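Chain IDs A, B, C, D and E follow the sequence of writing; residue 1 opens each chain.
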């Protein structure tokens, strides 16, 4: 309980401190409101325009979720294939690094041209960002699974599939989730860049761009806050999923204790 | 010929016939033969690198030996085929993401659907050997000795008549090791399995076994196959028994003269 | 009065991150000595993006700037102390463009736009003009698909068939289309033909505080710009060559620059053949339009936006 | 030798395959030249405009180098401070994650407003991207240094400074370089976004933007190639530095063998 | 009083006086006293968790004991002060980023500038004890036994008269262990250091030591302090010496009766 309190309280204190510093800078240096808003004005700009913002936020979330799922699945599949087949690993690894050295912004325009203004290019961009840490971590994890554990499975004649689901998959859960958390954090940034290159109707990125060109700095900063909150929320969701799916990392006993001692003793 | 061979093999559960292993240019294991009678406890001692684990890996079906050898269990060849022995290493190899109960049933989980019967058996054996309280614990909550016990129970419920134990107590401290040795002897007596045991600890090999096989440095081969004259059950007191001391001295000299050759 | 030391140095902020043909009058004023004759030494600064020219002015990084009238509108609304000192163009050359093979006609504009995908950079000008066109065509916003792409490219999307109609100004769209060397001809339809108000797109602007302290400098600036504009209109080929010499790495061809400037010329004068002169009507029309689409909160007096007092007499 | 050959050859084969697929798609689907160029046209667009591109490339490299250095130093310092002082670690960790959830593109505009149009905002953005993996890895590495090794230093009365330079710093070299390599890969992408938002005059990003608005797709793709090459080059440089500075990772003996056996024997 | 104390202490290099340690509510080490004469080799055996390493950590200055105790080396208090003993663990704790030579001089590197004299000494000692060929190798290129030897050389060149060795051979296989034991005895004889040694291996403790101190389970205290009657130099043959067997039996029973108490 105390631990939970602390793990919620401390981040809140940190965020509070950032808000305070921001407020002090704006007030202390007499920053004009069309240069940078006060933190509360930025928050206010979000709430007072929530009716307009909400559908845009939903749109961005949708892109992020789809892109994340595609990226995660692709990342895992690619990771497994690369871990299992050495020639593929050798051929694809340089391309993996290459893929991340391509500036996302330079990638977005051609993608839109090819895929149109639908949600597709956004999904591709988000997936492009998400798959990389997932693949790298899965490859790394799978190639470092304890060889003796794998031998144990072989000794008892386990099939490759059971070896995979019973040994290899759980063994890579930690690096896999690390990769997913990294991907989750950066996913929104990718979606925003893709939105800027073209959306039918409005988008969160365009809303911000528009506010920016109209000198509505409170709305600009407010939108940034919203984007950040989506990113953090997505990160926390994945982190929560990890806690749920890997109970052995934090607990000493399984949640549902089975009825023990069928012999009736003690 | 087959009948003749079967006739010879019948008395032995495991028969290893001129099994050798060469990695690249180095021969690790010279062609080696060994018989293990049903229900017996046989230890192998030998210098590090003489191919003990290699031999076990061949019997377990993880490695294929050089051509010309044969391994049979109950008269049936198991060369290059897995699923015919129980195998346990110095590392306990428990999976951290499974509870004690699920680790004990791991072999079933690796080969088929786990049944309620499997679970019942795991609970029963764990309770019988003092781990009933820990059935829903994850391995990290256990001490080294408890983990080795779980690993051994997992090996037991695989229901193989032959158990290969490769230095299972090597990582334990001396006191825990003593406890585990007594415990292993209890279980062995109660379940009637056949055990082939590798250890570096000469005291341990004498304390536990019916026969002690001494191997030479690489390329490994059997240099002595000693029958243990000490009666069972054995207690700490056998350490001062002259037959124990003589046996230990013989083994140590066998190991040591080879070492400096 | 042309010795370098005695010239007054000022910085001119353009509206686009790099140089293009709308900078021609300033280049001509620099290269043909109109600025020097007026006692000025003008250097050009390019903003990082199309929405920061106002900030260059208010932060003092530049003294005079080139912005769209809609940017003036929102800047004033946001409290930025900027003021327009002269129109650049006098009429509205914002237009709709259809992909090759598709017709756009003012007579059946309703049918031409119904259900179509219209490209917009999401810039304030397009946002202000599109509602006029849709109202004129008798269309609701929901009856067309508006595509906003702040960092997209209308021409590529149009040619690739990703959109049916794009929006831009005639002087930029046509040279781009010509440069693309695609088969077929695109149709263009001036916004003013389908309901858009005929108001200027770009102005020269400064800050109120700079204007208060440096009226003579601003007068000298507008006078030099006036002579340079007249010269560039009279000698378009020479002007384009001057531009190329000044900015050899602009990335544009001479043909593009020349065509762009030639297409700009018709919009520089109003019906009375005047340059630069601003009116109450243009600003109140604009402010009302901006208020109508919610971009500004109140319509101020037109005089808030501009002054003609630095324009050359006569 | 064979190993070196393979580690150069395989990436080249991979890149060649990508080029081939690109060529086949463009030719096979009759892609218009204003939609996507052939690979050789893109490469050609780079070489034929090299005179214009070179100073822009230099500019981007400069921003990347400065930003990388600032980010690396900041990342190490922050990592050390966070590893050593628990309360700072607790307070800053959430902000670290938060900082990466902010879309870079939303960060760029306000930064330009605050820092002006100089090289400063680009440095800040690149550093913002680079510091994160460095800090996270340094904190992780330092908090996992073998406690017994640290005790060994204490037993012999080592100062904190010597313990740091002799034990802790070399012990975190692997995670530190991992962080730096990740940072290096993403640095150029950050610089490009910053250039797009905040360059007066010319920049690589603007050159591309400009080529794009003029339908010079060969130049657009060519510029992307150049950006990617800068990113990969930077990655390889850091990887090379790692090989140079951590010889114990790959070699069994030190490079310069000292004269042994002063007793003159053997 | 001081003179009197000094008078008593002079014969002993290390004097531990009623040193105890309590973590939170559990007393790990009951107040314990122990004297180690200069130049002697004293082993401590005791069940796991009885506080042997805790005691070493206190002597090394890593932990502070409960109030009331005292630790002196050559009559000077070293309570809570580091830099006065050589310390070596089961883990060799070589740094992977330094060559053998640089690992041997690591203590100098951790406290001051490494001199040419330091290097010369490291090269000399490595050459003398058979590692001259490996001076510029990184530790990963060495076998477990070689690594332990380098770790011991590092401890030696720290030039502390008192060496604390906490199960230094616990991780080695039996044969390597035997070699290392002989080697350690050689070095000890040649360098004249005083050694306090922790082990779980009773054979090892008898083979090596002048005195064997047996400790009780937690909270640890000294239950026996046995003087080893066996003459030096010792060979493998002492394993069959009746005095060896008697001593081993005594120690094992001491350890085991405690275990079940």
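Convention: a contact is a pair of C-beta atoms (placed from the backbone, for glycine too) under 8 Å apart; a residue touches a chain by one contact, two chains touch by 3 or more.
Just so it is clear, the model here is predicted, and its values are computed rather than measured.
**Q** If you tally C-beta pairs in contact for every chain pair, which pair wins? Let me know.
**A** Comparing chain pairs, contacts are most numerous for A-D.
**Q** Could you tell me the distance, in whole angstrom, between the mean C-alpha positions of chain A and chain E?
**A** Centre-to-centre distance between chain A and chain E: 52 Å.
**Q** List the centre-to-centre spacing of chain C and chain D in whole Å, with centres computed as mean CA coordinates.
**A** 40
**Q** If you average the CA atoms of chain D and of chain E, how far apart do the two points sit, in angstrom?
**A** About 48 Å separates the centre of chain D from that of chain E.
**Q** Can you list the chain D residues in contact with two or more other chains?
**A** Expected reply: 35, 109, 113, 196, 212.
**Q** Using the touch definition from the top, which residues of chain C touch two or more other chains?
**A** Residues 55, 151, 153, 156, 160.
**Q** Tell me, which residues of chain B touch at least two other chains?
**A** Residue numbers touching two or more other chains: none in chain B.
**Q** Could you run through all the chain pairs that touch each other?
**A** Here the touching pairs of chains are A-B, A-C, A-D, B-E, C-D, D-E.
**Q** Can you tell me which positions in chain B touch chain A when the two form their complex?
**A** Interface residues on chain B, with respect to chain A: 57, 60-62, 82-83, 85, 87, 89, 91, 93, 95-99, 101, 106-107, 109-111, 119-120, 123-124, 127-128, 132-133, 135-138, 140-141, 158.
**Q** How about chain A: which of its residues touch chain C in the complex?
**A** 32-35, 105, 108-109, 112-113, 116-117, 196-203, 205-206, 209-210, 212-216
**Q** Please output the residues of chain A touching chain B within their complex, sorted ascending.
**A** Counting only chain A, the residues touching chain B are 146, 148-149, 151-159, 162-163, 166-167, 170-171, 173, 246, 248, 251-254, 256-258, 260-263, 265-266.
**Q** Along chain C, where are the residues that touch chain D in the complex?
**A** Its residues touching chain D are 17-18, 45-49, 52, 55, 59, 61, 151, 153, 155-156, 159-160, 176, 179-180, 182, 249, 251-252, 256.
**Q** Name, in rising order, each residue of chain D that touches chain A in their complex.
**A** Residues 6, 10-11, 13-15, 17-18, 35-36, 90-92, 94-95, 97-98, 100-107, 109-110, 113-114, 185-186, 188-189, 192-193, 196, 205, 208, 212, 220-221, 223-224, 227-228, 231-232, 235.
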